[in-house]
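For clarity, chains are labelled A, B, C and D in written order, and residue numbers in each chain start from 1.
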Amino acid sequence: MLSFEKAQEFYRKVRSQSVALASPLSAEDCCVQPAEEASPTKWNLAHTTWFFETFLLERWEKPFHPFDVNFRVLFNSYYNAVGEKHPRPQRGMLTRPSLDQVLHYRRNVDQRLLNLPERVWKDPEFHNLLELGLNHEQQHQELLLTDQKLLFSYNPLAPAYHEVDLSRTPSRTQGAALSWKSFPEGMVHLGHTGEGFAFDNETPQHRVFVNAYQLASRLTTNAEYAQFVDQGGYQDPQYWLAEGWDWCQKSKRTQPLYWRKQDGKWYEFTLWGLGELDPVRPVVHVGYFEADAFARWAHARLPTEAEWENAAQSVPLTGHFADSGEYHPRPAPEGELVQMLGDAWEWTSSSYSPYPGYQAAPGAVGEYNGKFMVNQYVLRGGSCATPEGHIRKTYRNFFPTWACWQFSGIRLAREL
Amino acid sequence: MLSFEKAQEFYRKVRSQSVALASPLSAEDCCVQPAEEASPTKWNLAHTTWFFETFLLERWEKPFHPFDVNFRVLFNSYYNAVGEKHPRPQRGMLTRPSLDQVLHYRRNVDQRLLNLPERVWKDPEFHNLLELGLNHEQQHQELLLTDQKLLFSYNPLAPAYHEVDLSRTPSRTQGAALSWKSFPEGMVHLGHTGEGFAFDNETPQHRVFVNAYQLASRLTTNAEYAQFVDQGGYQDPQYWLAEGWDWCQKSKRTQPLYWRKQDGKWYEFTLWGLGELDPVRPVVHVGYFEADAFARWAHARLPTEAEWENAAQSVPLTGHFADSGEYHPRPAPEGELVQMLGDAWEWTSSSYSPYPGYQAAPGAVGEYNGKFMVNQYVLRGGSCATPEGHIRKTYRNFFPTWACWQFSGIRLAREL
Amino acid sequence: MLSFEKAQEFYRKVRSQSVALASPLSAEDCCVQPAEEASPTKWNLAHTTWFFETFLLERWEKPFHPFDVNFRVLFNSYYNAVGEKHPRPQRGMLTRPSLDQVLHYRRNVDQRLLNLPERVWKDPEFHNLLELGLNHEQQHQELLLTDQKLLFSYNPLAPAYHEVDLSRTPSRTQGAALSWKSFPEGMVHLGHTGEGFAFDNETPQHRVFVNAYQLASRLTTNAEYAQFVDQGGYQDPQYWLAEGWDWCQKSKRTQPLYWRKQDGKWYEFTLWGLGELDPVRPVVHVGYFEADAFARWAHARLPTEAEWENAAQSVPLTGHFADSGEYHPRPAPEGELVQMLGDAWEWTSSSYSPYPGYQAAPGAVGEYNGKFMVNQYVLRGGSCATPEGHIRKTYRNFFPTWACWQFSGIRLAREL
Amino acid sequence: MLSFEKAQEFYRKVRSQSVALASPLSAEDCCVQPAEEASPTKWNLAHTTWFFETFLLERWEKPFHPFDVNFRVLFNSYYNAVGEKHPRPQRGMLTRPSLDQVLHYRRNVDQRLLNLPERVWKDPEFHNLLELGLNHEQQHQELLLTDQKLLFSYNPLAPAYHEVDLSRTPSRTQGAALSWKSFPEGMVHLGHTGEGFAFDNETPQHRVFVNAYQLASRLTTNAEYAQFVDQGGYQDPQYWLAEGWDWCQKSKRTQPLYWRKQDGKWYEFTLWGLGELDPVRPVVHVGYFEADAFARWAHARLPTEAEWENAAQSVPLTGHFADSGEYHPRPAPEGELVQMLGDAWEWTSSSYSPYPGYQAAPGAVGEYNGKFMVNQYVLRGGSCATPEGHIRKTYRNFFPTWACWQFSGIRLAREL
């Protein structure tokens, strides 16, 4: 449990980072919802604040004065136990409250929370919910970037979220060659143990038996994926799961979400705008179906989450994260197992399901994770849009098979 | 044909009115698209400007320098002959260009146009396209109000577009009683003759034989329509066209678009915000199916456009229009035939079809009207959101049967 | 009013004709529903029988014994006033009752009806409903053929409904050249007057003023339409109504419903099976959008129903009907105005709307026509699948713009 | 490997059983497709025959004479490698070939296959494909029953597939009480080993570590499930996965697929027709979402497939299967672990995924299983519609979460 001072510092740091992420954006940019599954930046800013007001202030502020009673409904995402919620597909209709009012709401809640007595901050229940709220907000920081990228991608002007000094970010040089790292069969421990914060879906720790396997030393690159595309991978059903093939046909997908072909050359839309596809950077924004099809084409497969977590135990908890301010993956460095953390979320072949003995938290926050454990697949390792302190080796992200708007990439696995 | 000075004055007046209409709105309000059939205010402001740049400046400015080549595609609405166009359902994705840039675009085009030599302004072709462009812009002024109203209606905060001094606008007093005015059978002339501006769909003037008929002296009121609702009108198929009944079931419509029931009382969302339903004002925002069902319930029917236009010839070209700045219909004054112009568009039973001998204009502007002449119905008379100088007795507005977001109301007709 | 004997003879003839039409079909053929808007043959056979049981036997049979109470719901098409009805899209799920049981139902109702006392048959109310029922059944005879054709068209085996002796049906010879017949402006009478049976939608007779116009001497041929197709007519938006263009894109329509291209040659699926497209026969199975686009391409337009009916008054009530047993249109004979009756229904540009003074019949049969008077267009003249005695010059058929599965064709009109 | 005689006997038995299952049905019953995911009985009869013709006769018959070249496409289900296939949603449009022709096709293929020389039958490759084909046909026998049940359920007449002598089938007596059987933690072997036929998805055998757990002694009964329904289980989101809750709302599901409430009493549609819900029989035709919600309501959970298979190793391979000819589950007998095999497929919480080291068979039959391993859940144990000889303890059935038309039921599990 963090000390009072550390907790307040952590709170200030996370909360101000959200505002910083919105700073390159206009009020218009922050208001529009690009798709039902994505949210406007303004909504992300307000909803994360709603979380603190609803789950902390409402309980520990005496007397409790909501900033605006309407916000209770407007910025509830999916907590049925908390009451009514504004329909998800209409988040982008909320031109009011304005961005300024939402920023005001943030400052108001911050002040009220930081002014709560020290003994409240030392209450373990408060502390747990505070940590949950801050980790929740970090998740929305990543979503803010990916949702905004999706929105900009629909604009023919291909606006850049920010200008990046390309000299800072290595590129278009020779990339690291792919090698395979072997892991022996055996019993492995999966999941989080008591130390530090973790989401409930990472618990309880439990034993899993895994066969011997190999993992690719690095993420799949754009060059490798482009070969799959250029050799007709999207036109040949033999590589695809049946449902993935249907998805390709219906959505007319012939390449990753943000790739564009112009005059016979591949371009990629990034948060820096539209640029030539960099062959040595990892492919990102591929869905589960695409990752699985590529793996089959490459005579390999996706790893299970047990294989991934077992391998991750051998590497340091470092990588290329959002803290670099680049928000795009970097080429792989040399090494026998690199890019496990950061750069791109790695699709696993594991369906998102409860660990043996899993119990959802009691009350409304119990709706955080458990109710999504069906028809989604686990991604591991964090990305270039994940805050560094947010990731863990036991961290389980999850998305449906069709989801492509996250920084999701591919690490291959194969039998020994 | 207007003199050079009058034409420039007309241009300035219409163009500045669009900007004035957007002035109570934030950049966020102007950016969001409430539905596929409606457009963001920013898009309305840009598209009307695109019209002048494309159809006038491109031809008469020497040399022609487009403000921004991307705008050529972004703000084309539906003119296939002009080239590519941005997909209609994605107009709300354009957070860039910003509202400020669009206002800059407007000023730029205005300046370039007003600086064209006097002889250009006196060129009849230029003059015709200018008039078309200004009438087109007036149409979008009305759409700006109704699109914005639709957007605000989706916001649980029920924002008001503007505050209205209710003392100025008569209300909740005793309304005028309904009487019936008779018209004899005979040959009537329908459509516009040569004097002044008219859209191509109002021409050519032609003869139509009409049987004797009666028209209601005024628009149907909220009180009258509420009776239909409260007596189960939306639950009884006998009043509805078969397709209208299906529409009711599918859209779960049980009352007009902007009516809300709270604690057993009817409220109405207006551009002034949410308020108690005023029984004596005209019902508005009903679709064709609703207007037709109400008429059947009232043992009457909707008028044909020939009946309407014939009757309109007997009244002065005055009424309650957008120029009042109220943007909501007023209660009917006393009189044997009132509210024919202004207050609310009146659904006719006439399908929108070409007049005998109709010829679409040559070139891209020929796509203005003709290609929509199917599966839509004619509305007549203008509304409280129509600029006064814009309306004519021969004016044909048209919308599909399900469209409710215009200020569309009901005038009953019946056989003699 | 028909005499007792003539009425019984008419009844027997129409009723046995329905059974005859089903005789080339297996029970399986009769059971399946090809689309929501089309019905299985078995359903057509049962529903027409339901009409007599419900509207005649229930009232005049003493005491009334329904054949099967379940059939009251199963075979109600759309009469809300009669009670519950089986959902339209599920008509094809009814593998029970079997075809044999439905044929038994037919014989049972026939017997009970024919056994009603002579004085009942002479009751004018009975007589009117009997005539309505028989005309209703004749409509379903045409639908039986077109619905069955639609079903067979989905079968890769392209089954033939029947074998036709092609020597009997002139073909692939030189077709009649197209000429234009002129009609002067003037007041014309539209609609049915008192003599003989007519549907309520043909009444009351009324006056319409029409401008001078010209009509094509015959129907548009396959050769003419193929030119439109082969010259890119389906790829060029300038020919299409905006909604028609959208319909083309969405439905990926590039040719008429039953045309197939094999090895660069056009084939047509007919009730005789798949055969080479006959250039001199009329094009059929085109929808309103296609008819309208073809007309624009041909620098002509579709006639109004007033223009059509006025012209029809000058020709004899003869033509190529279902009675030939061919069920496919014939090439046009020579003549200055031919094929007005029979061969193919002719799309008019007139929206289906009530005639001035129209009153729906009281009671459930009032749902027959009136409630469909919106968003549909009038077709005139009958087709090669219409029983000869069924057609009138005042007859108004109607279908939505996208409907193609009837024998619907094109007669061009133009201004003088 | 079976001897020549045993193999021929097995072939004859399975093949004749399919025809026997269709014998209570009319040609009409066999022709109609109740839903996109279900097939007409005639199609099931033809497709299973196509399998033998395509994968066996085409290779071993010299020279090979296909019965009808059109059938190659018409009755291909989903084997892309074999060539074109008729679109799945249109299987019900095939009124031709007739049922008689399909039965003729069956006899023809049977004769040709049985007449192949003994040495062909002794070829291990032939034998393997023969076994696969017969197991495939047994799967379609179960589908034939469930598809036909679905079709009949849409008929308001609620037809019975067959009459059952209810005295033969125990019912509405006191059911066995539910108890819990415990299993210790440990390493278990999952999957098929070399002996006898198995599908590729049951291989390879591998080790899985399972925690200690308990399984319910029997299937969940109708009475138990009715309590969940009657206490508002379908109206309370706390019991449901988020996607399951959405599914409930969209599909308006408030009870299992075949339950009907009449006059306050529950009825169930069965292959014997509509009857009162039998409280002691197992609930069937629940989807994954329903099974999971019920388990949560009951403070339990669904078992994993490892838990299920481990438990199954302790029971004999007997149960209530299709061979009884009842096609409806029986009440549970007394016992500490009963109904593991037969009666109802048991939903597991395991996503359908490849076993470690899984390899799809080479060639077209490799499309049999592997390409469906996503977004589906595993069911275990077979049902009252499964042929007895067809089931194994390692057998993995799989369906999407929304699928309800199989005899799928619930066995609860919980932590120790």
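We take it that a contact is a pair of C-beta atoms (placed from the backbone, for glycine too) under 8 Å apart; a residue touches a chain by one contact, two chains touch by 3 or more.
Note that the coordinates shown come from a computational prediction; the quantities given were computed from them, not determined experimentally.
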Third chains touching both subunit C and subunit B: none
Shortest chain-hopping distance from subunit B out to subunit D: 2
Centre-of-Cα separation between subunit D and subunit A, whole angstrom: 38
Subunit C and subunit D: spacing of chain centres that average the CA atoms, whole Å: 46
For subunit A paired with subunit C, centre-to-centre distance based on mean C-alpha positions, whole Å: 59
Touching two or more other chains - residue numbers and ranges from subunit B: none
Interchain contacts (touch definition) - all pairs: A-B, A-D, B-C, C-D
Touch list for subunit B against partner subunit C, complex: 78, 80-81, 187, 206-211, 237-238, 240-245, 288-289, 292, 301, 349-351, 353-354, 356-357, 371-375, 401, 415
Of subunit C, residues touching subunit D in the complex: 26-32, 34, 70, 73-74, 86, 90, 92-99, 151-152, 154-157, 159
